[in-house]
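We call the chains A, B, C, D, E, F and G, going by the order they appear; numbering starts again at 1 in every chain.
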Amino acid sequence: MQFAVLSGFVLAAFAPLFHRWFGERVSFVLAAFPAALALWFLGQMPAVMRGEVLFLELDWVPSLGMSLSFVIDGLALLFALLITVIGTFVLIYAGGYLKGHRDLVRFHIVILAFMVSMLGLVLADGLLTLFVFWELTSITSYLLIGFSHADIEARKSARQGLFVTFAGGLALMAGLVLLGNAGGSWSLAEINAGGIDLREHDLYLPMLLCLLLAAFTKSAQFPFHFWLPNAMAAPTPVSAYLHSATMVKAGIYLLARLQPSLGGTEAWVGILSVVGAVTMFTGAFLAVRHTNIKKMLAYSTVMALGTLTMLLGIGTEGALITFVTFLLAHSLYKGALFMVAGILDHETGTKDITAMGGLRPLMPVTAVVAIIAALSLAGAPPLFGFIAKEMMFEAALEAEVFGWLVLLLAFVSAFLTIAVAAIIALRPFFGERRTTPRVAHEAPLSMLLGPACLAALSLLLGVLPVLAGMGVLTAAASAVMGEPVSVYLSLWHGINLPLVMSIVTLALGYLLFKRWDRVRAHLARLDPVMARGPEAGYEAFMHWVTVVSEWQTRILQNGYMRNYILVMVLVLIALLGNSLLLRHPLEIAFELDVRFHEVVVVAMMVLGALFAAIARSRLSAVVSVGIMGFSIALTFILFSAPDLGITQLLVETLTVILLVLVLFRLPRFASLSTPLERVRDVLVAGSVGVLITLLILTAWGIDQFVPISEYMIENSVPLAHGRNIVNVILVDYRSLDTLGEIFVLALAAIGVIAMLKLRAPVKPAKPAAQEKESSHG
Amino acid sequence: MEPVMAVAVGLLYAAAIFLMLRRSIVKLVIGLILLSNAANLLIFTTAGMTRGAPPLIPEGLSAPLGPVADPLPQAVVLTAIVIAFGVLAFAVVLIRRAYEIVKADDLDKMKETDT
Amino acid sequence: MIETIKGFLILTGALFMLLAALGILRLPDLLTRMHATTKAAALGVILIMLAVAVHFGEVAVVARAFAIIVFVLMTAPVAAHVIGRAGYFVGSKLWSGTVKDELRPNYDPLTHELKSGLETDSNAVHQPRENDPK
Amino acid sequence: MVKSGTLILHTAARILMPLQLLFSVFLLLRGHDEPGGGFIAGLVAAGAFTLYLFAFGVSATREVLRMVDPRDLIGMGLLFGMASVFPAWFVDQPFLTAQWWTIPGIDFYASTPLIFDIGVYLAVLGSVLAMVMTLMEVDKDEP
Amino acid sequence: MATVILISQVLMGIALILAFVRVVRGPSLPDRVVALELFASIVVGLVGVYAIRTDVSSFLDAAIVIALMGFLAAIGFARFLERGGPRDD
Amino acid sequence: MRPEVALPVLLPLLSGAISLLFWRSRPMQRFTAVAGNLALLGVSLWLLVSVIQEDYVVIQMGGWQAPFGITLVADMLSAVMIVLTGLMGLVLSIYSLASTGDGHERFGYYPLMHLLLAGVAGAFLTGDVFNLYVWFEVMLVASFALLILGGEKAQMEGAIKYVTLNLLASVIFLSAVGLLYGMVGTLNMADAAQRLAVAEHQGMVEVLAVMFMVAFGIKAAAFPLFFWLPASYHTPPVAVSALFAGLLTKVGVYALFRFFTLLFDQTLGYTQELLIWGAALTMVTGVLGAAAQFEFRRILSFHIVSQIGYMILGLALYTPLAIAGGIFAVMHNMVVKTNLFLISGITRRLQGTYELKKMGGLYRERPWLAVAFFLSAFSLAGVPPLSGFFAKFVIVRAGIEAEAYVVTAVALLVGLMTLYSMVKIWNEVFWKSLPEDNLVPTEEVVVGDDSRMVPPSLWLMYLPVAVLALFALLIGVLAEPLMAMMNQIGEQLMNPQGYIEAVLGADVGIEDALIEAPDEEVSP
Amino acid sequence: MTGAIWNLLLALAWVILSGDFSGLNLVVGLVFGYITLVLIEPQVDALAGYPARVPRILKFLGFFIKELVQANLRVGFDILTPPWHMKPGVIAMPLEARTELEITMVANLISLTPGTLSLDVSDDRKVLYIHAMFLDDEEELRRNLKEMEYRALELFR
């Protein structure tokens, strides 16, 4: 199984090679990979249905408890089959849809990478493995939404999708860490099977909120739903695959996966039901407002995702069985519908459904497929969608928390969806013929194969639902439930409330379909309100990021060096002052034993420095520095450091010479700061001075330890054969310091030479060379 | 002597910081010179100051006759002096070149690389 | 006896130092101040170094003390010459009591040429110096 | 054009520079026992050349240095420094462990610390000289 | 002898102060440089006296260095003056 | 005698000296650059192997027993950092062969680089406080010189800030060293750790701690001390930017880790709090700073700051796992940030600018470059399974385990903002079409302002980029051995006794170091 | 020069042989060495003139120290008393000295003598410009300066 996932990445990497080998037919060749996987997963079905769980573990980063372990249970198998089967069709479809596209290679690489990432995600057992693949699906999705990268809208949408899902990913990380810590394991299976009741854990709520945030962003739940319609900037195969059948269901998958260990609490039920129901309604409502066929489908996907969430929230056995059923049904018809939409777009050159009409004679197969799939979407018998919808109503009736709201929204959404289904299935194919940007033809076989098969499956499962029930759905539902359940699906449940609701919604939906254009016109009045939706929130957030960051940069990185220094010095003052004066008692030593000439010398040193600080001419300042230097040297000599004194004298002389050589080129001092600034600076500088004085006195007063220099003094002659201990330290005890030091000096010299001799060449007056890199700010 | 020195070193730091807060690059570099001298003196002072007993061993002896000044801070300061000289020489030439290129002694006019 | 000589030398030396300092503070213009520093200070150093020589009385030390004396005698006038000349040429104001200036008329501030005032027509051209930059 | 020095300065520099150089070598060699050592000696030597530079200018100083660029001095100094690091390896002692060799006949000890000090001397001299010389050289070029 | 040394140190200390006053008062750069030179000379004197007082001849090396190298700064300043022309600072 | 501990310092010093000596010969310098760095990488791997076998490897330089001489010591942290230094050195020297102009080479580019590496290696290996200062200065002055190489106006302006603020840091550091010696009478870190632990004046210990914190905080570019970095890092030649980005600030971070685990663990409560706040604000301000930028290298520079926050957070949380995460972040960042800078250099060569708005179309033109950027950029944002993911994950996990929820949340959000910037670059440079008003890159633009540049041999630039991109991937995919090392680092740093014993000898006690023996209770 | 070196060597030999390394003993050694050289001068060409030069140097030193102290006192007096007695000015002194060394020597000696300060030599090396503090009696000053020059040059010629 690891092999399956990893080989996919390898295949993705080698896609360019396949392109070279197989040319135009490469899509079909590559499609063989998911097809083979699908077959393999089908082969696992009997075992899974027996209740067995296939478990494959591979160490990855054991130090972090991360393993690359995969598990196949019912839920995983259901998803794996969806991914591989639809993946096969999508690859074939893409071969037609993107025929001759110059970026087909890149498309294949990314979509294969996505496919295996998605596979990894649903098969993962380790929390981190799950996370890794989760993020990979976000990234690949980003690349696919931005497939037409020259288009600014595509780039923006891609970024939007990435941000929302990535933000969710961060929440996921936090949530998973909380989960792993609380559950005492990094394996989903172990957590689900473990004895620890996470619902009682102190951190249950934060954990839940993090995980829900992740799931909601990924699965486009309200209020994060806005990115999904925008993701329709991707090529249609991508929309069909990622943004309806698979990736957006990752969040749902996560919730389903965690249902056994986290579900059922008040918070879970409340949040999921309400958010799911609201999302469901939002999706359905917004779908009606649009005329772009892909957007309509996208919103209806939002609606479906909301439904799934809602079902998980309701959480009864029936609701969970419905969940898996609805999941399968939706994937089948929505995949088909997207591909149909792609065909329409591809063949007519427009996505605006109001611009199409009367296409049935030109594209009969497409029309049939569209109608079947749309019927399933509408929940019309005898399609699989009908079963799912019936069960959904049933589950909605079972909802205990906010039951009336859930039911109401379910009902409204249902009839809105029916209208959408009708619009999609009927408007393009019936009615009077419209002229489209491109003259429509029937699509090639490669593009028809996928939708046709999926539509056929919708029909087949509708007629023989037992196939699905017996198949993977039972196992999947058991996995979601955390205990074995049996799924029995049937087309006919007898006359009951759901059936009545179905009939009413069909009627209402048809009504809405008929008056769609007028309703849309009415709805247009709501546009200003819509503009303030969550997407506006996203835009505002992005805007404020820019504003705040620019503001912050202006404040902090303001370019004024004295401000930088001031901040640093103030930090130093604050920290030193706090520790020295406030947090601990001040213990300074103060024994005065001075000689007149010493005080004079020290005073000269200080006065030299102070005069240098206030001198009005730079050369007076330099002379003062010289005075200070000589005084320091004398201080060293008076306190037993002849070597230091000599060095200081020489260095001082050379420094003065350098200053003189350089100042020749520089202008006079100008008084640039205001008196107020000077007062402030005196205060700041003075504080530093006071603190330093106190520090010295404190450190000097500590006589607790024998300095290591005693050893040096004792061994200078016997071991190091030198009588000048300072020199012995420099060239023997601590010769490494000295070695470094001469390199410092050498480096400074190289720097000076380079600075003075290596001049930027005079730029020729070329337009390109005139751009100054630093001119932007 | 250390208390006097401590105050003096404090004043040196203060003068240095004050200079570094000016807008003129020349003052800035003079401030840096003061600052590195101040740090050297801090090391020298904190370790304790001894009169008239340099860490030299008279010829023929294997150890000094009496207590001598601590040689280690001296060696450290010596190293620091030379390092500071190299660094400051670089800084001094840098302000010269900067002035040549930017044509101003005013640090406030050198803020194009930020923001 | 030696102590007395030493004491005398030290004290006189210190006094000359002080004298030089007073001079530099009190004297009215650059050139007169330089008189004070060059000689009095040099003399002070010489006297103190003599005291050092007397005090230590070892070859190595005496040699070093004399070396200092020699170095001071060699460097002090050179420094004085260089500074005095530069100060004079860049226009340090002379004291108002200055009675005579035979240099000014012979100096060309633009070319820094300094004539002797003894030139004949034939040698009045610029005299290239040994190490003039070419 | 400005004169690079006066007659008096020229003569003084001619006399003083050798003296200063000699003194620097003296400081270098006895540094292990008395105040002095590579740094101080190197700085004195650099001062000596600076005096010469002031008196005679850059090109004249280059002539004095013959073919040796200050940068070569730096490189040589650093290599000398590094050369004192490795001998200890051959006797399986940690790097920089002092090795002392008695030169037979005369009472002189050669040692890696001495080599090291010479390296310091050269590096300091070369570095300071390079800085001052380049500064003056550039000054000359500019109007 | 200790008294003599003490007195001489006081005298030279005062001399240092006076020299510094000239540095502050200027008014021209050469005045300051001359004061700096004087300052260096007094330092030599102080070092000499200190060597006598402590009986440590090694301090003399510092005096040699000043005597030999101290005038370099002055020459540097002079060079500055000559190249820069009249300057009041 | 353990030569492998000292050779990572000595070899680059030697290469630097040799290449300085042959400053007239370009071929010699280029040869030394590659050969020297290859050797450096070799010895650093040798060191790593030794450390894996023996935990601590120590050499007492000059043969003087610690604490009297200078000790070089490698634990796992040092060894890992050294290996990365060697890797950076080799990669950058190869890149430089193509990217460096003739003028730069004649004026010491390669020696500077060698010596910078020596300084960095010295800082990573030394066990002595003042010696650390020396290596810091070696590194710093080398970086000064590299920073101004070329003498552009922006370089000068940036350099003035860089030099001044770093010197301020150096002086604070040096002052702290002086106070430390005055207080405990030693410079050896292990010895100082022992002495500080029994110091009576704990207030002063804390003062020293905050002083070192400020000094290293400036070097590491932590909030609010980072100003020098965004002001300067985007100004020098690009290989230099990359070198700085990869190595320099990390040395500050390393020093923080070393000091606040070895010397100042007893001031934990307070300093830890400071560090946590500093880390959070560093992350936020850095990442916001980047959000405001539209120039390739400026964005990257601000992100250095932000990433420093992550690393410091690892230290601040102060658990073995957090430290492991912090160091993982350091390691990952060295590889990835360096690479991003190198890529910016290639894009500049291709399009003649660093301004995002003027660039575009490279996704189509240079797909492999796009892949390399993509890997590095998304690694920086912490996308799995790339290197940055582990850094982020481990720190987040450690943060949650340490119940530091706020700062963990901040760390996560900063990840999002990092993505913001990386996507910005990706969208503008790679996805967007080349704007009409930009000139079609001509040879002049390609060569840019350094007309004496060697003929563009792009493969020399691509090779390092490819290698580092591969590393960004491999560090993630094959994280286990590294994570094991990181865990060992966490353990070692949290238990400094092993380090102290390795340096000072197993039976060393503190009694000898005390002037008065502590009042010992009479044992029965 | 050779003579001076020999004298020094002999003195050193004396010090070593006598085993007394004090400064006084060195002076003794110098004196004995000088006497020796005086005795052997006629036999050794290289030593020609050396013995005669030493007294000249000593005489010059005496003269110079006298001048030094005398003039220092005069300057000191003027500094210490409030009114200024000085009459400073710059005068041009024609030079006898010709070689660079000679000129420098003379100029430096003049500088070292209080009351006079060599400012510069004219480009043709014919005139030394001197700043003098006491121009009350310019003629005497010029005479003194000439004498100083003469005595100094005597040492070299």
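We adopt the following convention: a contact is a pair of C-beta atoms (placed from the backbone, for glycine too) under 8 Å apart; a residue touches a chain by one contact, two chains touch by 3 or more.
Protein names from UniProt, one per chain: A = Monovalent cation/H+ antiporter subunit A; B = Na+/H+ antiporter subunit C; C = Monovalent cation/H(+) antiporter subunit G; D = Na+/H+ antiporter subunit B; E = PH regulation protein F; F = Na+/H+ antiporter subunit D; G = Na+/H+ antiporter subunit E.
Predicted model, so just to flag it, every value in this text is computed and none were measured.
Q: In how few steps can one go from subunit C to subunit F if every step must land on a touching chain?
A: 2
Q: Find me the chain with the mean Cα position closest to the mean of all the protein Cα atoms on display.
A: Measuring from the global C-alpha mean, the nearest chain centre belongs to F.
Q: Which chain is most remote from subunit A in terms of Cα centres?
A: Result for max centroid distance from subunit A is chain G.
Q: As a test of understanding: of all chains, whose mean C-alpha position lies farthest from that of subunit F?
A: The chain lying farthest from subunit F is G.
Q: How many angstrom lie between the CA centroids of subunit E and subunit F, rounded to a whole number?
A: Averaging C-alpha atoms per chain gives centres 47 Å apart.
Q: I'd like to verify one number: the distance from the centre of subunit A to the centre of subunit D, where each centre is the average of its C-alpha atoms, in whole angstrom.
A: Those two chain centres are 60 Å apart.
Q: Taking each chain's centre as the mean of its CA atoms, how far is subunit B from subunit F in angstrom?
A: 27
Q: Residues of subunit D that touch two or more other chains: which are they?
A: Residue numbers touching two or more other chains: 2-3, 6-10, 12, 16, 19, 33-36, 39-40, 44, 47, 50, 71, 74, 78, 81-82, 85, 96, 98, 124, 127-128, 131, 135, 139.
Q: Of all residues in subunit B, which are in touch with two or more distinct other chains?
A: 20, 25, 28, 38, 40, 42, 44, 46-48, 51-54, 56, 59, 72-73, 76, 78-79, 82-83, 86-87, 89-90, 93-95, 97, 107, 110-115
Q: Could you tell me which residues belong to subunit F and also touch two or more other chains?
A: If we look for residues of subunit F contacting two or more partner chains, we find 13, 16, 20, 61-62, 130, 134, 137, 141, 144-145, 148, 151-154, 157, 160-161, 164, 168, 175, 178-179, 181-183, 187, 227, 230-231, 234-235, 292.
Q: Determine which chains touch and list them pairwise.
A: A-B, A-D, A-E, A-F, B-D, B-E, B-F, C-D, C-E, C-G, D-E, D-F, D-G
Q: Along subunit D, where are the residues that touch subunit A in the complex?
A: For this pair, the touching residues of subunit D are 31-40, 43-44, 46-47, 50, 70-71, 74, 77-78, 81-82, 84-85, 96, 98, 100, 109, 111, 113, 116-117, 119-120, 123-124, 126-128, 130-132, 134-139.
Q: Spell out the residues on subunit B that touch subunit A in their complex, using ranges where they run on.
A: Where subunit B meets subunit A, its residues are 1-28, 30-31, 33-34, 37-38, 40-42, 44-59, 61-64, 68-79, 81-90, 92-97, 99-100, 105-108, 110-115.
Q: Residues of subunit F touching subunit B in their complex?
A: So the residues of subunit F in touch with subunit B come to 130, 133-134, 137, 140-141, 144-145, 148, 151-154, 156-161, 163-164, 167-168, 170-171, 174-175, 177-179, 181-183, 187, 227, 230-232, 234-235, 292.
Q: Considering the complex alone, what residue numbers of subunit A touch subunit B?
A: Spelled out, the residues of subunit A in touch with subunit B are 553-554, 557-562, 565-566, 569, 589-594, 598-599, 602-603, 605-606, 609-610, 612-613, 618, 621-622, 625, 628-629, 632, 635-636, 638-644, 647-648, 651, 654-655, 658-659, 662-663, 665-667, 669-670, 672-673, 681-682, 684-686, 688-694, 696-697, 699-700, 707-709, 712-714, 716-718, 723-726, 729-730, 733-734, 737-738, 741, 744-745, 747-749, 751-752, 755-756, 774-775, 777.
Q: State the interface residues of subunit A toward subunit F in the complex, per the touch definition above.
A: Listed in rising order, the residues of subunit A that touch subunit F are 59-64, 106, 128, 131-132, 135-136, 139, 142, 146, 149-150, 152, 155, 159, 162-163, 166-167, 170-171, 173-174, 177-178, 181, 206, 545-546, 548-550, 552-553, 556-557, 559, 561, 564-565, 567-569, 571-572, 575-576, 578-580, 583-587, 692, 695-696, 698-700, 702-709, 711-712, 732-737, 739-741, 743-744, 746-748, 750-751, 753-755, 757-761, 763, 766-769, 771-774, 776.
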